[in-house]
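Shared between the two complexes below is chain A, which pairs with chain B and chain C, respectively.
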Partner chain A sequence: MRSGLAPDILLVEDDPSDLELTLRALKKTTIANRIEVVRDGAEALEFLFAEGAYASRALEPMPRLVLLDLKLPKVDGLEVLKRIRQDPRTKHVPVVALTSSQERVDVMKTYALGINSYVVKPVGFDAFMVAVRELGMYWLLLNQAPEGGTR
Partner chain B sequence: MSHAKRSCVTRWQVALPPGINRLHAAHGLVFGASATGAVSAWSRVDGSLRYSRGETGLMCEGFEVVGDTVLVVLAKRSKAEVWSKTVFAFDAATGAEHGRTELQLDGPVGSTCMASTATQAYLALAKTGEIVGIDDHAQENVLIAVEAGLTVNTLIGAGEMVVALVSPHQGLRGYLLDESVALTLDDAMPVAWGHDGLLAMVNGIVRCFDPKGVERWRKPFDLSSRMALAGPQIIAVDHLGMVHSLDAATGEPKWTVSSGAKKPAMLNPVVSDGFAWVLNALGKVVGFDLTDGRKAFAPNEAFPHSRALLAGEGLVFVHREVEGHDTLTAFELKEG
Partner chain C sequence: MLKPSEFVLRRGLDPAFALFDELLQLSWTCDSRGALSSLSPRWEAYTGKPCDQLVGHAWLEVIHPEDLERVLEAWKQAAKRREPFTWDYRLRRHDGAYRWFVARGLVMPPVEGQPEAWFGFSTESHEMFEARQVLEREQERLVRIADVSPYAFYSFELRPDGSASFPYVSKAFRALYGEATDEVLRDGMHAVRLVHPDDLPGMVASMQRSQADLSVWHYEWRARVPGRGEVWLEGHSVPVPEADRRVTFHGVMVDITERKMREAQIEQLNDQLEGKVKNRTAALEAANRELEGFTYSVSHDLRAPLRAINGFAQALVEDYGPQLPEGAHRYLDTVQQGARRMGRLIDDLLSFGRLSRQPFNPRRIDTGALVAECLRELRGDSTARIVVHPLPASFGDASLLRHVWLQLLSNALKFSKPKSDAAIEVGAAETPEGDDAFFVRDNGVGFNMQYVGKLFGVFQRLHRSDDFEGTGVGLAIVERMVHRHGGRVWGIGEVGVGATFSFTLGSEAAHAD
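Right, the complex of A and B next:
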């Protein structure tokens, strides 16, 4: 989806099947009207910092949520997360890692870098749909962003 | 150096119960702990379920295998807060209970984290400043006071140390069994740990610590690098998919080979039976001979959605999704 409005969710996912499932789940919830999809870490950074192909995008407001796969082409998900947290313009944007790895080292690395939530992609279509829907509900409806934060 | 003809074949494959989030191979078994409070043990020989222990309606907040004992922390959640936590100890081989202790809690304490060294298990409660040692009958045996003002987020066992990941400084604090402080690092994250010590990253530099927390060397590595400690060697897969063997004592390189993909590995490498196993960016598990880095053998399948990789006692295990089910596949290494 590409429009002039800021997205509710920036979805950073390179796997076509995971991308399709996540989009289906989010669209079913109807809570996220605007979802921007980028397919690698470099494009995610360009989008967030309004650079490159996204240079014409207004930097503010930021997405209300970034759903971040950690294993990304070009720039790794950990590096994307680090850059988001280092920059004052993006440091408050909620970032949720949505990944297949359940290794403890990955959980620890992402939390050390300031992830808001680490979610292992559930196995099976139904479980995946429920998880993504609940993630969207929590971060877009229930979570209170800091004043002057992402909106 | 000559190599005998080798192959890597599937030995067995089992569907795992839902929610398995920790696996451990030891004592001829593969243990799996589920968030819903069950610990199951499967035979390494044929994948048959040996036993399953746990209490329904509870949450598993910690799981460790120490020597012959499995220790589990189960939490009972009331509507608002967790108030009740019980540590269970049972025999790893048979599942027979060794003991249990209900933790004395003064109020809501948040979640529990657990870790172990080769000889000792520890747990910490999120909102307290203490790390408690647990013996093989689930009784408290050590009490370590964490530096005032720090919150313990999680624990790992590294060599003889229990290492706490603490906030607000995103730091690491390592303690020995005598309660002395062995390690203090701020702005650090653990990269790999085990009986041979700790690898931690600080500002893009990996720092290697021996089992007592003494620093051995420092080297720059990319954030996405994957590492494992393996006795006298460190195995590191860098951001370009190159597999390096480093001398654990000095950090000097011993050999470097390609993982078969020019991107970071999907999971940390594992080391067992003289081989380093790497799940490369293409989802292929590749084994490398620890002595010279020669590619030893690899299963033909690719595992792009793997959750965990472990190895031990002649088998390599991959936890992954197969046709919508959580599955554990065991690969056998065959020579000749």
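Right, the complex of A and C next:
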């Protein structure tokens, strides 16, 4: 993690296997060079708002994309999403839920809280690779960030 | 002031006979044995017999035979006591009809040297007598009805001085008031004193209201009856105002203790039932919440390790593939296949749970269009010959029924695939109960009817995975969905010949609630 430079992606993931596989997939795409990893919801919020362990981090610029697992220790993904959307400094950051849950309630809740995209982690590795590559492509290369946004 | 008879006697005459002759009544005189000595001419006009044929005891011939004995006995008594008499009897008219008369007779004042003599009048009283009889019969009829009724009929008279009485009560009244009946009949207010203190104010108020606007009175109250304990009574009556500001309530009363007890029991049972339903509902809701929690964690936690197994097996192949011997590659393939299959099982199980809990929105559905749509989706590269007969409309949840058809049709395609002349037939037939039964028939591998009981169980499979892919959840979902529609599903098959799956849906009326 190179300090000083804003990351392309903030990856919030507590499962070590999923983390490694996601990083592996992202590396293969070569779209994102700088990836910051946090392991729970509380750490994610500290990073984003430059608090606690990340107090020395410059607030700006924000990550270009947050990949958020929903089931997290301490502060869960829904709560993290809510806080991101409530704060004027972070409300425009694109957040994609990357989760195992296909439950309708989860999908509805996250969209209600302003998620940008909802991706179910497939069991098959190939499908997983495709999913990660596609969402990286879209959010980092194709999507036009709003004026005064995260760049 | 002299009576007319005294007046004529004083004059030494006996003019009474002259007067008697002119009376509208039949008048007569007789001796102490009842033998007539004279008759007024009206006798002849009435009986049609000349008077000289009625004198002596001949008059007895025109008395109604049924009255004869009674008349003679009455006469005997009167003659013995020498008292005035009155009797009723029927006298035969000239046309043979008997008419009622009332006879009044007196012994004449004695005359020196003359035998004792009587005189009297017979007055026709037929209409009055008949009217009285009709009245008596009517009254008797009413009393009989009243006395046989389980309701107690009564008249309750209320007087302005606060006293009261029951001028009339029917037999059943005694059953209501038991030992207290005599006291109640002596003093009407005693019935009021037996009313439960809690019910008395309401009862008095309702009677006053009814008395004021002359409306029908109705009330249910508890009474404490000696020997019977507390009983529930119900009364209906109509107030009739009388002279002197009295009012009489005519009505009926009935013991409703049993009904009240039953009502109380029903209420208690209802309460218990409500409580039970509440508990069950709470238990069901808790179970549902638990299931949702379970589903949620299955969805999250069971898939993660599978992803790891699969992902790292892939990574192993990618990163160290060249160093691995051929056997290791085969093992890794098997590991990945296993993980993928496990993933499918989890997904199917989750969708089974999800579909079971999905809201149910029934409406009329074009079955033919639904089947055509499912077939378009499933057909793929299948070479099966598919015949779809005309299908009646169905009533149900579109999304759930789609799952049912998709499952049955994909099964038919799957299990007929090995046949070179695969054929699938979709149609509807009427069941003996008159419901529409849809069916999907294939000429595929079929199944052994010995295992028909396992067809619809979750994770039950009748074929080896090597031969046919599947997790064994499909038909379980079909059965759930069909049951939710109030219908049933069944399958018949024969190994190597084919299988037919049929299902019905509940009627539209059954979903109306």
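As a convention for this text, the second predicted complex is superposed on the first by the 150 of 151 C-alpha atoms of A that agree within 3 Å, B and C clash if a C-alpha of one lies under 4 Å from a C-alpha of the other, contacts with A are read in each partner's own complex, and residues count from 1 in each chain.
Note that contacts are C-beta pairs under 8 Å (C-beta built on N, C-alpha and C of every residue); 3 or more make two chains touch, one makes a residue touch a chain.
Remember, predicted model here, so these are calculated numbers, not experimental data.
Enquirer: Please determine, from the superposition on chain A, whether chain B and chain C clash or fit.
Expert: Chain B and chain C clash in the superposed model.
Enquirer: In the superposed arrangement, which partner chain does A:21 touch: chain B (first), chain C (second), both, or neither?
Expert: The answer is second: A:21 touches chain C but not chain B.
Enquirer: If you stack the two complexes on chain A, which partner ends up touching A:76: first (chain B), second (chain C), both, or neither?
Expert: first
Enquirer: Of the two partner chains, chain B (first) and chain C (second), which one does A:111 touch, if any: first, second, both, or neither?
Expert: first
Enquirer: Touching A:88, do we find chain B (first), chain C (second), both, or neither?
Expert: In the superposition, A:88 contacts neither chain B nor chain C.
Enquirer: For the superposed three-chain model, which listed region of chain C (152-160, 296-304 or 314-322) is the one that clashes with chain B?
Expert: After superposing on chain A, the stretch of chain C hitting chain B is 296-304.
Enquirer: For chain A, which residues lie in the overlap of the chain B contacts and the chain C contacts?
Expert: 15, 71, 100-104, 121, 123-125
Enquirer: Which part of chain A faces chain B closely enough to touch in the complex?
Expert: 15, 71, 73, 76, 78-79, 82, 100-105, 108-109, 111-113, 120-121, 123-125
Enquirer: If we count contacts the way the header does, which residues on chain A are in touch with chain C in the complex?
Expert: Residue list for chain A touching chain C: 15, 17-18, 21, 24, 71, 99-104, 106, 121-126, 128.
Enquirer: Show me the residue ranges of chain C that touch chain A in the complex, using the header's touch definition.
Expert: Contact set of chain C toward chain A: 295-296, 299-301, 303-308, 310-315, 336, 339-340, 342-343, 347, 350, 354.
Enquirer: Can you list the residues on chain B that touch chain A in the complex?
Expert: Going by the criterion above, the answer is residues 18, 21-22, 153-154, 156, 165, 170, 188-192, 222-224, 239, 263-264, 266-268, 281, 304-308, 319, 321, 324-326.
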